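Per-chain residue numbering starts at 1, and chain names A, B and C are given in the order in which the chains are listed.
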Amino acid sequence: MHPAIQGLLTIAFGVGGCVGYFYLSNIILDTLIFPARGKDIARNIRRANMVRPWLFLLPALLALGLYLAYPVVETMRLSLTERLPGGGSEFVGLANYKQMLAEAKFWEALQNNFLWLLVVPAASTAFGLLAAQLTDRLAWGNIAKSLIFMPMAISFVGAAVIWKLVYDARPPGTEQIGILNAVYIWLGGIEPQQWLTIPFWNNFFLMMVLVWIQTGFAMVILSAALRGIPEETVEAAIVDGAGPFQIFFRIKVPQIIGTIVVVWTTITIVVLKVFDIVFAMTNGQWQTQVLANYMYDKLFVARDWGVGSASAMMIMLLVLPILVWNVYNARREMR
Amino acid sequence: MKHTLMTAAAVAALVAGSASGQDLIFPVGEGAFNWESYSALEKTDLAGEQVTVFGPWLGPDQELVENVLAYFAAATGADVRYAGSDSFEQQIVVDAEAGSAPNIAVFPQPGLVSDMAERGFIAPLGEETAAWVKENYAAGQSWVDLGTFPGPDGADGLYGLFFKVDLKSLVWFNPENFEDFGYDVPTSMEDLKTLTDQMVADGNTPWCIGLGSGGATGWPATDWVEDMMLRTQEPAVYDQWVANEIAFDDPRVVEAIEEFGYFARNDKYVSGGAGAVASTDFRDSPKGLFASPPQCMMHRQASFIPAFFPEGTEMGLDADFFYFPAYEGKKLGNPVLGAGTIWSITNDSTGARALMDFLQSPIAHEVWMAQQGFLTPLKTVNTDLYATDTLKKMGEILLSADTFRFDASDLMPGGVGAGSFWTGMVDYAGGKPAAEVASEIQSSWDALK
Amino acid sequence: MNAIAGQKPGLIWALRISVILLVGLWMFPTVGLFVSSFRTGDQIATSGWWKALFPTEQNLTLRTAAPDTQVQEADLFVIEGNLFEEATDAKISAWGTNAREIDAYGPGDTAELRGGERLTVAADGSYRLQSAQEMSGGRGPRVFVSALVPPEFTLQNYETILISGGSTDNLARAFFNTLTVTIPATIIPILIAAFAAYALAWMEFPGRALLIATIVGLLVVPLQLALIPLLKFHNEIGIGKGYLGVWMAHTGFGLPLAIYLLRNYMIGIPRDIIENARVDGATDFQIFTRIILPLSFPALASFAIFQFLWTWNDLLVAMVFLIDATGETTVMTKQIVELLGTRGGNWEILATSAFVSIAVPLAVFFAMQKYLVRGLLAGSVK
């Protein structure tokens, strides 16, 4: 069968199947199992309402369980075992973790990851908020937004190509084709710099790529939130004589703080998984290793699944604060 | 090391036509090919059977290998599918672990074959093939040894057949530039060092060295170190080094690293200065030979590098190579460093077995030889079929070697040979002391045990 | 939306200028790539793309015609012609015949070559090579020229990527394969996630907070881990590698973000609307389809865009779950990575292929934008 036809059929079956499932299961629940009539009407409605959330959740839970939760459990198991030649594996306790903690590269990755966590979400959100606010009232604001959002449409591999051109260095004396070195020389720099090989600072040159990509995301979401702010609050502030900066920081930002946190969290998660950019631009050399790339190295280059899985668990550990904070938030909403 | 396999690729002329799997580029029965081995193959009937081959070659190289496989398809009626990937090493592991491996996998690194054989993902080729290799390949026993690994039960077996060899000990140069400055091709390492200084005295930059290769950055330096190892130590020491029987931070290894540093860490010797070595892409670095004014005079790289020369470069006229010479004073002969791809059965079938038999017939070698970028240790081929004089000359270097050794980083465990050795060399090129780098690589090796 | 009346004109100008600066900064790297994709490899390597519109000083290595074109004039053997193969406005400022000194002569000067031949080169590249003896050899001598070359743009790179026939270069099949992967992989997770997000936002049941936390936790599961266990699973249930598998995988991997974003949006919908509907006797299913879905349109549209971009730009998932050993189900990103691998040093090919790969996502973004904005306005009901 031609893939295009197969694709159309899948869309039809997939979408039809989903809609059908949700629709029919609700009908069955409401009319056959717990009919909302007769003498048990109150009890039936209550029971139906207890079951319904699970009907809504079932497909999502199945997919999540299979595609994400199961691999997590499997990873945890792998991180505690060592594979034996010829198949099979043995339980080794925390040996993989011990080995990982003894590696200098791991600590370098961890340190860099913290640096990424500090810089990228903050910078992306700040730039995104700035862009959202500035473009909000311009007639051509949407065009400006589209252009800032554009990097979001570029794959990480494509972005790596773009930024390699920016950071490119040619031998001294020849003309520079990387804009950064051209500007550097123009400003009076003597030798062109190999930006990606300068320890510590090269991390920032890599982060710049992700900030460049993620700012568009932050901007789109925050711009929607800014438009949701009731006009009256802003107008009241103007009447009170507040300047534009006061309006922005005192009136607008507090009202969208929830959205800011969501954007921040989302970008934080992207940062924790950042892999393609580092992989394509430096592969963790010149002290730019990050955890996701370290894990990839261990899994597919060194083929040491034990340590690879252990480093994956490490990434999970880092996300734990976000997780706890979200549980706390969810609880508060319940009340 | 996958990049070493992106062999000579300037085959636009060959590729231009429609290279669909079934067109044979050399008509059967014409030319000095060994057509008997082709006719012998026609006795095998595999009509309707699909044989999948997965390897590291892409682009022009993919056309070359497909042209070879087309003869197998035409003779047996099998449906042969070749697919290539730039991340072959990662994907074959995933596919094999998950049970969806292709029939035949073409490995650029014996180290990976060893891993996978141990886990039981590869079918052994058997005694018969081992005997054939031993008898028909030049230095046959060494090719058998390189393809022999312990299987899942711990017993040794031949798990792969070497088909297509690359030569690494080559220095590329622009003959017209040598002529303009009156340089001669050096025949010993001492001469090469004198020539290097002479070039600096003339105001030239002798070398272009680039270690950049995306995720694999650093590998070109490992080739340098291996070549230097063979030029400063006995082959036996090289073998011990590969097996980690002598430590990576042994003074003899450190000396070889510093020999590489003699060239790469001297600002006057390398184009762009020592700081540019680690970050210059290996595919860009040979272009300095052809720049105006020339950015460098020499470039040490394997036989596949002409694929990255500027378009229209004529081999033998615009670019040529000489053997990376050995020290006259050390009496170690003329050692040659090489690498090769190893073909293994990852999903056994009659078709896969038949394809392995095909690779043992001269016609499979000859069809690729007559195209581009293929060297073979098979003694029964007609060497007149080599497509260019350049290839023939390389073939002669291969045959006249006193010592042939396989790329060490390809033989080391992946975590070292495709990991800490690469990154360590980048650190070394960046200015870290050789001894420190070597002991770090050794400790990463210890961690794997 | 001119909300703030009475703003100072100076401030408005400052605002406009800062937006232009910001946009410029964000556009700059991409524009560089775009311009580069229309230049030849030599141009990219010798001058910055921002100078593409101006003539550049280039050092070129050219050759005279081969000796077999020589003509005899009296007792001299002569080769005449132009060093530039194609007509060009380039002006030669200096030239040389030896790599030792590539700018030894000016236009109109005559140089003596090693073999005794005499060469004269004019500023426009026309030359005359004469010798007392018959010249031999396969090629003419090298001439190094420093010339001011006018700007030149070419579509050659796009032709190489899109049209030339090699199996690695042809993007047409990969294009349709990618579409086949992307569309179902975008629609299905949205549908599933919307129902789940509604349940998590507006339905009361025990364990809700725990479920939300779990989903946030799953957001961070690194993909690389899931690959082998799941491919094994696909092989066991008989799907193997193929479209069905890649659709399922993308659905699974996209769900946490979809649920997370949609739930956060839905929870912002005013409680009154839902309470009123409940009082009026609407079932949850009706509330969901008639109220929540339309109100959540902006969030659905945003997620659709993100999921589309993610699946379009994905390489890892496609390589593991889709592309098999027959190589017939390859996708765009894979083709481009192959190009990178085989033509890694060539900026012009890199630039062009990167641009081809982002064309569709950009088109989708600009097309969806209208709906996005309309949806955002509808969302301001609250």
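The criterion applied here is as follows: a contact is a pair of C-beta atoms (placed from the backbone, for glycine too) under 8 Å apart; a residue touches a chain by one contact, two chains touch by 3 or more.
All of these numbers come straight from a predicted model, not from anything done at the bench.
Peer 1: Once the contact rule is applied, which chains count as partners of both chain A and chain C?
Peer 2: Chains that touch both chain A and chain C, as defined above, are B.
Peer 1: Could you let me know which interface, A-B or B-C, is made of more C-beta pairs in contact?
Peer 2: B-C
Peer 1: Measuring between Cα centroids, which chain is at the maximum distance from chain A?
Peer 2: Chain B.
Peer 1: Which one of the chains is closest to the middle, using the mean of its C-alpha atoms?
Peer 2: If we average C-alpha coordinates per chain, C lands closest to the whole-structure average.
Peer 1: Averaged over CA atoms, how far is the centre of chain A from the centre of chain C? Could you give it in whole Å?
Peer 2: 21
Peer 1: If you average the Cα atoms of chain B and of chain C to get two centres, how far apart are those centres in Å?
Peer 2: Taking the average C-alpha coordinate of chain B and of chain C, the gap between them is 32 Å.
Peer 1: If you average the Cα atoms of chain A and of chain B to get two centres, how far apart are those centres in Å?
Peer 2: About 40 Å separates the centre of chain A from that of chain B.
Peer 1: Touching two or more other chains, which residues of chain B qualify?
Peer 2: 94, 214
Peer 1: Find every residue in chain C that makes contact with two or more other chains and list them.
Peer 2: In chain C, the residues touching two or more other chains are 45, 337, 340.
Peer 1: Please list all residues of chain A that touch 2 or more other chains.
Peer 2: 300
Peer 1: Under the stated contact criterion, what part of chain B meets chain C in this complex?
Peer 2: Result: residues 6, 9, 15-16, 18-19, 50, 52-54, 58-63, 66, 81-87, 91, 94-95, 97-103, 176-177, 180-181, 202, 213-214, 281, 283-284, 287, 290-294, 308, 311, 317 of chain B touch chain C.
Peer 1: Could you list, by residue number, the parts of chain A that touch chain B in their complex?
Peer 2: 83, 85-87, 99, 102-104, 169-172, 194, 196-197, 279-280, 282-286, 297, 300-304
Peer 1: What part of chain B is in contact with chain A in the complex they form?
Peer 2: 89-90, 93-94, 115, 118-120, 150-154, 214-218, 271-273, 275-276, 278-279, 295, 413-415, 418-419, 423, 426-427, 430, 440, 444, 447-448
Peer 1: For the complex, which residues does chain A have touching chain C?
Peer 2: The contact residues of chain A facing chain C are 3-4, 6-7, 10-11, 14-15, 18-19, 22-23, 26, 30, 49-50, 52-54, 56-57, 59-61, 63-64, 66-72, 74-75, 127, 130-131, 134-138, 141-142, 144, 146-158, 161-163, 165-166, 175-179, 182, 212, 215, 217, 220-221, 223-224, 227-228, 231, 234-235, 238, 244, 247, 258, 262, 266, 269, 272-273, 275, 292, 295-296, 299-300, 309, 312, 315-316, 319, 322-323, 326-327, 330-331, 333-334.
Peer 1: Would you mind writing out the residues of chain C in touch with chain B in their complex?
Peer 2: Residue list for chain C touching chain B: 41, 45, 59-61, 98-100, 102, 138-139, 142, 144, 165-169, 227-228, 231-232, 234-235, 240-241, 319-320, 323-327, 334, 337-345.
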